[in-house]
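Next up: some structures, all given as structure tokens.
Presented sequentially are two complexes of chain A, the first with chain B as partner and the second with chain C.
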Partner chain A sequence: MDLTFQPSMLLAILPELGLAGLAAIILALDLIAKGNQKILLGWVTAGGLLVVAVMAALFARPAEQPQLIFGGMLRVDWPAFTFRLIFLLGAAVTVLLGASEHISKRYGEFCALVVVSTLGMSLMASASNLIMLYLAIETTSLPLYILAGFRVLDQKSVEAGIKYLLYGAMTSAVMLYGFSLLWGFTGTTNLYEIADLAKTGGLSPLVLGGTAMLVLVGFGFKISAAPFHFWAPDVYEGAPTPVAGFLSTASKAAGFAVLVRVLMAVFPEVASFWSLVVGILAAVSMVIGNFLALAQRNIKRLLAYSSIAQAGYMLVGVAAHSAFGAAGAVYYLASYLVTNLAAFGIVWLVGREVGSDDLDAYTGLGRRNPTVGLAMLAALLSLGGIPPLSGFFGKLLVFGAAVQAGQIWLAVLGVLTSVVGLYYYLTVLKIIYRPGTDEHALPVSASWRVALLVCVAGILFLGTVFAPMYGLSLSTAGGWF
Partner chain B sequence: MSFPILSLIIFLPLAAGLVILALPAERKQAVRIIALTAAVLDLVLAVVVFIAYDVAQGGYQFVERFWWVKQLGISYYAGVNGISTPLVLMGALVVTSGVMISWRVEERPREFFAYLMFLGASVQGVFCSLDLFMVFFFFELAVFPKYLMIALWGYPKTRDYGSMKLTLYLFLGSVVSLVGVLAMYFAAGQNSFDMLTLEKAGFSRAFQQTWFLVVFGGFAILGGIFPFHSWAPDGHVAAPTAVSMLLAGVEMKVGAFAALRVAIMLLPDGAHFWAPLILALGTVNVVYGALIALIQTDFKYVIGFSSVSHMGLVLIGFATLNNEGLLGAGMQMFSHGIMTALFFAVVGMVYDRAHTRNIGELGGLFRKMPVAAVGFIIAGLVSMGMPGFSGFVAEFPIFMGAWKTLPLVAIIAVLGVIVTAGYILLVVGRVFFGTIPPKLDETVGDVSLMDKLVVGGLAALMILIGVFPTLSKMAPLIQSGVTPILALVGGA
Partner chain C sequence: MIPLAWYLIFAAMLFCVGLFGVLARRNAVAILMGIELMLNAVNVNLLAFWRYLWAPKVDGQVFVSIVLIAAAAEAVVGLALIISAYRRRNTIAAEDMDMLKG
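== the complex of A and B ==
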């Protein structure tokens, strides 16, 4: 292991440095800003995130060969690059969606917490050392616990925060136990050395497989895959809606990034075993998520179950254990990020203006705000996997990967549950287009409009022009293998 | 081809739909005019393709191709042959008729016509596809328009149920096929979704026998195969008139066409293996559909089940895997599309004026709306397979083909046609003749000029094809499409 420091390493973590700086700037501005000026912090944050994204795209591009930097703490490769951009997009959209008088007094803190969490995610995607990985996960999670309970006067929000914290702490402890076993058996914390040592050291597959299960608990929680999903509906329901959107997208994407990296890097010896386990998790998630969503009358709970099901579809790609499958999961994630953020953005608007998250609050939305109605249509159908929206291609890729890997049962289960999924997405759609009693248009803010526009443009772009993102997904998958 | 005529046919309605959605909701007349213009232009283009298609040359013509996702071998690949050219024409005809028939839709016409246009684009996209990815892309494009059109403008009592049932069945069918198609893609190992490449992939016999059922079964659900047919009557009856026309007339043909194009042509050994099953199910479709139609009291359900019955003939034609059967199936797809569109159009006209579809409460409407009645009778004669109408030139070859394969099927299917004659005559007699109930006598008026144009046009076309199958280019055209299929399946 090369432990020497080179200045070029700083360039590789320039985006992360930028994020840390941005968080500090926001906190400072928050002290200066008064009253309504705080709303402007959202634009500052989004602008800052954009600058970071440009820096990431220009300076932090991976070389042809993946590089380990800072003594093997981080790995500069395509997964880190792609996921960083995904997180930045998710954070920027969340911050812009979140701007509202409801949290305006503490809007600065909101933005800063989102940025810090994004910093953690970005490190998660590039961490190549168990200690670094754990620290990154906690850097991500702590701000999220606070954000989930952000509305301290709202009991449900506080409950969501506590629940999320308790579940998170517990699964994190199990995962940490798995990490400690890995270190104990191999004597190294570097992900890419563990596999070699496990092989030469003749570590029994039983131990490796058991460790893989322990680690999967932690990651399964992050991506809200069944059976680690119980927190999701309650937390999504109670947390402020933009936070729920962020949890269900960027945070889930971060979970996937580490899940795939650790499985691929540390456990190649027991690949057929974890492939089966992940396949089962995928199947259970698709079934539980879709069927329980049918019974929901609260849109946030419905989207929570839907997001469990979506995690299942992404896991189908992972279970295939192929570059094609991993690329499919990445494409799916990118598509899901813009889609679900759009959906949660609209739920935020309706919940705020109509004062309810019940499905009935959506009657007549298509007439009150035709554009918002169309955006919700796009988001729901994209979740359902209908072209020309992004979800279609994502589903095609992951099911294709399952078929290619010979896991026909997974593909069949996947398509059957997507029929169930379509049922409740269409039900919501019907409610939106039913005539309602109130015909007044809901007021939308400029930042909300921009954020929604970005999401819908993303849904349409990823749903019709597949090649650029697919190419990036392939490179990303290549970095894992 | 330098001029992208097929792309225009596909994207013109799509563009029109988007333009319509961008208009303010109050400009109802502008919406209608844009929709009609786009539909008519589309029809003109389809007629141009129909006339310009060179039968002597055969094969795929007006081909356009460019890469969509090169890494995966997905391309935008459009082209038509002897089977799909008539279907493109039929689709354009039905869309145009649908727009005309919906002229008086007053409830949110903007969304209505926009969705109708999307639906039109979707079916044309499938008919013109030479790439499997494109087939699914365009087919599923129609999911939300058809769902919302039925759920929002449909028959209030059953629209919730009918719309969801229809949409989920169709989605189920397409995704089941999708799994099979993915299996074909990987088994072929050509890194290509291009159907012409996959035709030469040389799938093993065992592979074909396993996956044919999945691929064909999925698409056949869209074509209304027994026992997965029940979405069709429920969905069609719940739908507003134009959507019933389009769904029964065109969308079911999309399923049948895809079953032929993808399952039978790409997996011919599988087709041979499973042909007896399809023959049997198709026969059940014909007889069962007709018998159920016979006992319906709802005017629209009669037609809904008649579609199930007639699609059975298409399936029988496919399953014969011989020249006569396939030719007849090709004719039947066109003929039934036009016929059932006319049926549903007239049913809609009657319902709009009498406000009931209960056959017992109708009667003597011939005097009130003679043109519509004559149109319905002509469609009825087509559906009975009377010589001189397009139904005859379609059904007769199917029976010939079935006789060559399995005489019993031909005999049973012909009996089914007798039942067809029964329910058609019964309905015609009860709805259009006899004494008119006094209540209807006062309220019911004649149909509008727009309606008459639709009825007259569609009826004339069916007679034209029935009397001059060769002269109207229909038979030679379809024959030119059937010959390559026979080369693939190895039939006579």
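== the complex of A and C ==
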């Protein structure tokens, strides 16, 4: 491997450098800004993230062949490129949604933590070395632990932070134990050399499969797939709502990016084994998520169980072990990001103004704020997989991949549990369009409006104009295979 | 010299002790200590492998130092959150963290 440093490598990590700079700028501005000016920090952050996204699209494009840079620490390829843009979009929407008097005193810190976490995710998607991967995962997780417990005066938020930290630290220790075995048996930390060395070293498939299971624990936590989902409902309920949205979308996407990369690069020898394990995880997640969501009366817990089920659908695409399936999972992730952020944005608005996350708080929302009601309609129907919204294509692709890979049982189970899912999404819609007693419109801020508009535009765009994102998903999957 | 396998067995036992601590202890600080034990087991693994099999490469040592740093950062965030809960409730027992359930 070529270890020499070339200046062109800096260009490849320009977006990450930009994110680090942006976090520093926000913290400095936070010191200067007084009182109501802090709300403006959200616009600065979102603008900065947009600039970083433009830099990423212009300068950090992958070449024809994937390249390893910085001595094999990072890989410049399509997965890194696509996921970076997905994370940046998620972070910008989260920051704009978060602007409110509830966190305004420490809004600057909020923005900076989201940006640092995004930096970690971006590195997660491109890391091609065990050490780099672990460091990136921790860079992502630590700010998220703090964000989950961000409202220190609210005991629910603190409790959510503690629970998220304890579960997260435990699962990442198990994953790390797997990493230490991988390094010990092969003597390399480079993901793309481990598989070859394990083959020539005659490592038994049993050991390799066991290590794969240890590593899957850590990633399963990140994507909140059953049976590693216990944290999700509690943390989503307690954490500030924009943070819950960020956790359920961008953080989940980052988990998927590393999950697929590591399974493809490190464990090709035991592919049929992990394909089965991932298939089982997908089935359990779809069943547990959808059926437990039926019983929920709190909308944040309902969305948490729904997000466990959605992780199951994405895993169906991964379990297919084909480029088509992986592309389907990427498409699903992108559409799920805009959809779920819109849903959590509306939950944030209602929870703040009505003061409750109970389903009954949504009575009459369709009459109070017709546009907000319509946006929630689009988001929930997209989660349920109704055309012409984005969720439909995601489901179509992953189930198609399952059928193509001969895993008919997964596709059938997926369709059946989708029907269950549709039932509780429609229940929420019924409540929204039930006449309520209070008919005053809920006040919405400009930044919230922009964020929601972006999300709804994304839902409609990904649901109707299929080709651009599908092409990007296929190139992304090509980078993994 | 002590064979490599002994170190690996020791690390595996240490890891299990830590995992048991995480799953069985009720005190949030004790859970955090269990996690530290698990991370130390990882470090023993890494260093034993490095010393016996891959000594000229630096990867193992770099990995261990990164794990140490990340563990310290994790403990800082964890203790901060636990203290902020303790100030309000005067307890750090995990079973008292029951505001979120359903």
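Here, the second predicted complex is superposed on the first by the 481 of 481 C-alpha atoms of A that agree within 3 Å, B and C clash if a C-alpha of one lies under 4 Å from a C-alpha of the other, contacts with A are read in each partner's own complex, and residues count from 1 in each chain.
Following the convention adopted for this analysis, a residue touches a chain if its C-beta (ideal position, glycine included) is under 8 Å from a C-beta of that chain, and two chains touch if they have at least 3 such contacts.
Remember, predicted model here, so these are calculated numbers, not experimental data.
Legend: residue contacts after superposition of the two complexes on their common chain; A:A169 is shown touching chain C, with no touch to chain B. In the superposition on chain A, contact is made by A:G471 with chain B only, not with chain C.
Of the two partner chains placed around the shared chain by superposition, neither chain B nor chain C is touched by A:V398. Of the two partner chains, chain B is the only one touched by A:L429; chain C is not. In the superposition on chain A, A:Q155 makes contact with chain C only, while chain B stays out of contact range.
Once chain A of one complex is fitted onto chain A of the other, the partner contacts of A:V415 are limited to chain B, with no touch recorded for chain C.
A count of residues in chain A touched by chain B and by chain C gives the higher number to C. In the superposition on chain A, A:L142 makes contact with chain C only, not with chain B. The touching residues of chain B, counted against chain A in their complex, run 21, 25, 67-72, 74, 133, 136-138, 140-141, 143-144, 147-148, 151-152, 160, 163-164, 167-168, 171-172, 175-176, 178-179, 182-183, 185-186.
Chain A contributes residues 130-131, 134-135, 138, 142, 145-146, 149, 152, 155-156, 158-163, 165-166, 169-170, 173-174, 176-177, 179-181, 183-184, 187-189, 233-235, 237-238, 296-298, 301 to its touches with chain C in the complex.
In the complex of the two chains, the chain C residues touching chain A come out as 8, 15, 18-19, 22, 28, 31-32, 34-35, 38-39, 41-42, 45-46, 48-49, 53-54, 57, 59-60, 62-63, 66-67, 70, 73-74, 77-78, 81-82, 84-85, 88-89, 94, 97, 99-102. Contacts from chain A toward chain B in the complex involve residues 370, 374, 377, 381, 384, 386-388, 392, 396, 399-400, 403-404, 408, 411-412, 415-416, 418-419, 422-423, 426-427, 429-430, 433-434, 466-467, 470-471, 474.
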